[in-house]
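Handing you a structure now.
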Amino acid sequence: MKWDFAFTAEILPKMLWATGNTLLAAGMGYAIAAVIGLLFALAQRTPLRILTYITREIVEFIRSTPLVLQIFFVYYVGPEYGLYLSPWVAGMIAIGLHYAAYLSEVYRGGIESVPKGQWEACTAINLTTMQTYRRIVLPQALPPAIAGMGNYLVAIFKDTPILSVIGVAELMQAANAVGGQNYRYLEPYTMVGVIFLVISLTSARAIRWFEATVRRKLGMQ
Amino acid sequence: MMEDLSSYPLELGGPNIPMVRFMKVRKSYGDLIVLDNLNLDIAASEMVTIIGPSGSGKTTVLRMLMTLETINGGVIYVDGKPLTHMPQNGVLVPADARYLRKARSSIGMCFQHFNLFPHMTAIQNCMEGPVLVLGLSRREAQERAEELLVMVGMIDKKDQHPSRLSGGQQQRVAIARALAMRPKVMLFDEVTSALDPEVIGEVTNVIKDLVFKHRLTMLMVTHQMGFARDISDRVCFFYGGKIEEQGSPAELFSNPKSKRTQQFLSAVKAAD
Amino acid sequence: MTYASFLADYGSRFVDGALVTAIQFLCSLGLAVVVANLFGLMLLSSNPTLRRAAVGYVEFFRGTSLLVQLFWLFYVLPLFGITLDNFLTGFLAVGLNLGAYGAELVRGAIQSVPRGQWEASYALSMSPAQRMRRIILPQAFVTMLPAWGNLVIELLKSTALVALIAVPDLMFEARQLNNTTYLSTWTFGTALAIYYVFSRFLITPCMRWTERVMARRIGRA
C-alpha cells in the first residue's frame, strides 16, 4: 500500500471543509457546556439542599456513562415522544451536557480555591452575593480554572468524531464517506489524525499562553 | 431550641445609648460553648481592646458583630437598633439576609490576613465598596479613596496590586478600604499578628491616629499589650468565653484583680 | 409491551454485552497500566532519546482522537498486511490511548514526591533502582490513585467506542436491539444504567478502597 498524493490533493478541500464543521461543532458544544456547566456549579452552592443533591446526581450520572451512548440516547429517544431532533441539534445537546458536567467540576474547584477571607472581606464591605461573585470571586476563580477549561476545550474537540455515529457531517464522517466511495482508507483516516494532532497541539500551547496572560492581567504575578 | 425574645427591647432608649450592646449573647459550635452570656456595651467614640488567651472567644466577638458568625442566643444592638434581629409584629425575630445587610453597613472590619482583593490595585480595593454598595460615582469614590490612602500613607502605591506590597502596606490599604465605607464602628482583628516585627509600627501608628484624631468607635483584638495600654479607653480580659475582668488600661495592667488576669499578664510579659 | 417483558425477552443480550464490556475493560486497563508506567518512567529518564520517544508517544496518542486511532488500526493497518481481530484492535486502541494519559499521571506523581525524599535516599547510598522501587514509587503510587480513579472511569466509557468496529459489547448490543425493536428509551436507557452501575457502584468503590488501604500501608491517615 502506497500513499497516493493525487488522491490526497483531490480530497483535501473536502477534508478541510469538514474540519471547519468539526471546529464549529466543538465551539458550539463548548459554548453550551460552559453556560450549563456554570449553572450546574452554582446550583451546587445554593443553600437549597435538594437542588444541590439533584444536581450532584445528574453530574455524576453524566460523568459515569459513555458519551457515544448519550449521543444515541438523545438522538433516538426524542422521536419516541414526537420530538424529532436533527443530528446537529441532538449532537450539540449531548456533547454540551456531557462537558457541562465536567466543566461544572472545574468551576467548582476554581470557586473553592478562593480563600474564605475574600468572602469575609466582601461581607465586611457589605457587597451583595451577586456582587461578591461577579466582582471578587469569579475573577479570582478564573485563572486556576483556565487550565482545566482549556483541557476540556481540547477534549471536546477530540470527541467530536463520535458525532459521526448519528451522521453529523464533521471530519470523521467525511473520512468515512470519502473512504467508502473510493475504497481507500489510508489517506482519509491518516489525514484526520494529522489534522487532529496539529490542532490539539497548537491549542494546548495557546491555552498555556492564555493562562499566563490572564494571570498577569489580573496582577496575580 | 428557640429562645424567648420578648424580653429584649425592639430599640434601645433613654440617654447614653451605647454604640454597641451585646445583650446575653451566646455562641456555640455544637456542644462547644465559645461565648456564654456575654454582656458588653461600647460607648460612642470609645476604644475597647479585647485581650486573652487563644480560644477564649475574643475573635468570635468581632466576627459576630460583623455578622460573619450567627449567634445562638441574645441580641446585639448597634446604635440603638438590633443588628442580629429585626422587629416583626412587635417582637424581635432573627434577621433575614436583607435586614442583616442593611444593619451591618455601619460596621467595618480589618482582618489578620488583610484579605485584600488580589486582582485589584490598592485604590480599586478602596473604591469597590463605595461604588457598588454606597452608589458613589467613580469620581467621588476615587477622591474618597485617595484621601484615605494619603491618611494611611499609601498614596504613592495606589496603583500597585497587593502582591507587590509588604504585609504592613497591605494592612494599611485594608484599613483605608474599611474606612471608605464610613463605618460607625471599626473592628480590628489581630491586625498586626501576621506582620513582621519591623512593620508593626506603621500599622499601629495609623490606628493611633484614628483613635486620637478621629474618635471612631473601635473594638480591637490584639496580642500587643503595650499598644493596647497606650490607646485603649477600656481593656477587657476574656477567659473561657466570658469577660473575666475589665477596666481602664492603667487599672487592668498595673493592678489586675483576677488571678487569671495576673497569670495571663505575667505569662505575656515573660514571653516579651 | 412492558419493561419487564422487554427485559425477559432481551435481558440476556444485555448480560452478554455487559460481559464483553467487562472483559474489554479489564484487558485495556491492564494494557493502559503497563503503558502508563513504562512511558511515565521514560518521560523522567535522563536519556534524551528515551525521553523524546515518550514525549512523542504521549503527545501523539493524546493529540489524536481515540476514535481516529481505533479506525486507523481497524481500517488502515490491514492495508499493510496486519489484520487484527476486532476485539484485540478494540482493547489495543483503548489501552494505548488511556495509557498515554496515565503516563502523565505517573510522571506527575513521581515528581510530586518531595525533594527531601530523594536526597534522604541518596544520603543512604541507595542505588537509583532501589531509590525508585523502595522510596519514590510507593509514595507516588498513593499520590496518583485518586487521579487514576477518574482515568479508570474514562477508560470504561472509552470501551463503548469499540462497538463501532463491531465488537459485540454492551453499546453494540444496545444499538442492535434499538435497530430491531425501535424501543430506544428502553434499550439505550438500560445500557446507560448498566454503565452507571459499573462506574458508580463497582469501579468507584474499588478505587476508594484501594486508596484507603494503600494510604494506610504507607502510614498516611
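Order as written gives the chain letters A, B and C; numbering starts at 1 within each chain.
We take it that a residue touches a chain if its C-beta (ideal position, glycine included) is under 8 Å from a C-beta of that chain, and two chains touch if they have at least 3 such contacts.
Heads up on the chains, UniProt names are C = Polar amino acid transport system permease protein.
In this text, all values refer to a predicted model and were calculated from it rather than measured experimentally.
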Count how many hops through touching chains it takes, at the least, to reach subunit C starting from subunit B.
-> 2
Chain nearest the overall Cα centroid | A
Comparing A-C with A-B, the one with more C-beta contacts is A-C
If every chain is reduced to the average of its C-alpha atoms, which one ends up farthest from subunit C?
-> B
In whole angstrom, what separates the CA-based centres of subunit B and subunit C?
-> 55
Cα centre of subunit A to Cα centre of subunit C, whole Å, reads 21
Please compute the C-alpha centroid of subunit A, do the same for subunit B, then give the distance between them in whole Å.
-> 46
Given the complex with subunit A, which residues does subunit C contribute to the contact?
-> 59-60, 62-69, 71-72, 75-76, 79-80, 153, 156-161, 163-164, 171, 174-175, 178, 183-185, 188-189, 191-192, 195-196, 199-200
State the interface residues of subunit B toward subunit A in the complex, per the touch definition above.
-> 66-68, 101, 104-105, 107-109, 111, 113-121, 128-129, 132-133, 161, 163-164, 177-178, 180-181
In their shared complex, at which residues does subunit A touch subunit C?
-> 1, 60-61, 63-70, 72-73, 76-77, 79-80, 158-162, 164-165, 172, 175, 179, 185-186, 189-190, 192-193, 196-197, 200-201, 204
Hey, which residues of subunit A end up touching subunit B in the complex?
-> 115, 117-118, 120-121, 123-128, 131, 135-136, 139-140, 218-221
